[in-house]
Amino acid sequence: MKRFDWPVRVYYEDTDAGGVVYYANYLKFFERARTEFLRSTGFGQDALMRDSGIVFAVRSITVDYMKPALFNDELLVSSELAVVRRASMLFEQSISRKGGDRALLCRAQVRIACVDVHRMRPSPLPDELFRSLTYDA
Amino acid sequence: MKRFDWPVRVYYEDTDAGGVVYYANYLKFFERARTEFLRSTGFGQDALMRDSGIVFAVRSITVDYMKPALFNDELLVSSELAVVRRASMLFEQSISRKGGDRALLCRAQVRIACVDVHRMRPSPLPDELFRSLTYDA
Amino acid sequence: MKRFDWPVRVYYEDTDAGGVVYYANYLKFFERARTEFLRSTGFGQDALMRDSGIVFAVRSITVDYMKPALFNDELLVSSELAVVRRASMLFEQSISRKGGDRALLCRAQVRIACVDVHRMRPSPLPDELFRSLTYDA
Amino acid sequence: MKRFDWPVRVYYEDTDAGGVVYYANYLKFFERARTEFLRSTGFGQDALMRDSGIVFAVRSITVDYMKPALFNDELLVSSELAVVRRASMLFEQSISRKGGDRALLCRAQVRIACVDVHRMRPSPLPDELFRSLTYDA
């Protein structure tokens, strides 16, 4: 199974008055990591939109929050592509502290659909991307 | 079961380059609605923190995204308190367009824990709040 | 000179680990108020884009931060249209606490250009909007 | 004059329905760069708060927006510490595209005050930080 790690630093913008990362902002970290995952296989989402007219839309997400991330923490977002179908993908992702206690902070399952941006309907993944995601190098 | 509706207007800040509300930002709308739900029962979270030393922490969330909200849309966030326990609550929430097609856009289940902010441990809901949430007026 | 007041409630999403509203988020409040200002004159920005192909782009902003806004504060954003030119507007805006000490929290000058979204070039304000903004009712 | 460059990637979270980076979000990029600037001199803001009880508060900011940053752009934030006083700093910052046309996108002047977090009053910069910022290595 393909696995991809991406580091994230926590800045003031990410935190709230409780002194921890605001619960919606972990979803930003998860998406940055998915974007870099795809980029690492050679696919930028700007090119996919421009050349193939497709975008990725999140269909559902489940997040379990175990421990809070704090201002200035260095985090590691781990992403695994658990399932790849013709027109959708399921990511398993987690965030842990990079140093110190290396604590697992939260976990997510994210279901993504491939969408034809002109017709706003589900679309198969471009062949080349599908092969790149399903065959191991 | 108590149900509470709260209107939300979509501004540029909420949207992304796909032309729709960014997927993490629906979590902001859900939280605004939970905050106003609690306020409508007579409990402000600033007072709860100051007077009782408790805060609410999201333990888990599941969101199903059905249709996208667009710039300038007027939305309605509906919140129901499905379960109230001594130290936790389960909200069922949904967002629909307020006018036009009144389409259901997304749905969430949100599990909230009551936390003692000084010991950073689970804490029972203050009695008065617990009663207010469990007894019907 | 036209003046327009718009209320804003501070939620957790707006604050940071310093316990106050994050400095970039006041710009969201200022923009919500400008959007509602225009709506109050009868112009929605979604219709302006769809019907006239124009959008408003911020050219420059100066913000003076005097006192911080806190979680749960009710704020009032006051907006004045100080200058209206054929293809640009200058807003003077301020944010104060709605209740309590009614303290003035911050102030901004915002220069906005009217842009033709297809050619991505400056465009005159639509006549009807220009008249609505320059003639007093 | 000390100058510090910090790269930033534009993700969906940063953009709006206009297809460009939302105007408030450049302030996040500017702050990330200032945070890393200070870190590069050996000072983390979490340690400064914990050990010296000081935080940095933005007193004023002026931003000129010249050209928009787009989804997926790689940006470079350049920061210069133009003035260092006993209890304040003035940063000159700019954002340009890292590759392609290397266009200058926006520019900011940011005045920062050093604040005693317990008394919520201006405080001198810690000696060691002051020396590190004013003496060239």
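Should a chain be cited, it is by its letter among A, B, C and D, assigned in written order, with residues numbered from 1 in that chain.
Definition applied: a contact is a pair of C-beta atoms (placed from the backbone, for glycine too) under 8 Å apart; a residue touches a chain by one contact, two chains touch by 3 or more.
Remember, predicted model here, so these are calculated numbers, not experimental data.
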Of B-C and C-D, whichever chain pair has more C-beta contact pairs: C-D
Rotation angle (°) superposing Cα atoms of chain A on chain D, nearest 5: 180
Distance from the mean Cα position of chain C to that of chain B, given in whole angstrom: 27
Chain centre separation in whole Å, for chain D relative to chain C (CA means): 24
Residues of chain C engaged with two or more neighbouring chains: 12-13, 18, 24, 28, 31, 70-71
Interface residues, chain C side, partner chain A - complex: 12-13, 15-20, 22, 24, 70-71
Contact set on chain B toward chain C in their complex: 9, 11-13, 28, 31-32, 35, 44-46, 70-72
Of all residues in chain C, those that touch chain D in their complex: 18, 23-25, 27-28, 31, 55, 57-65, 68, 117
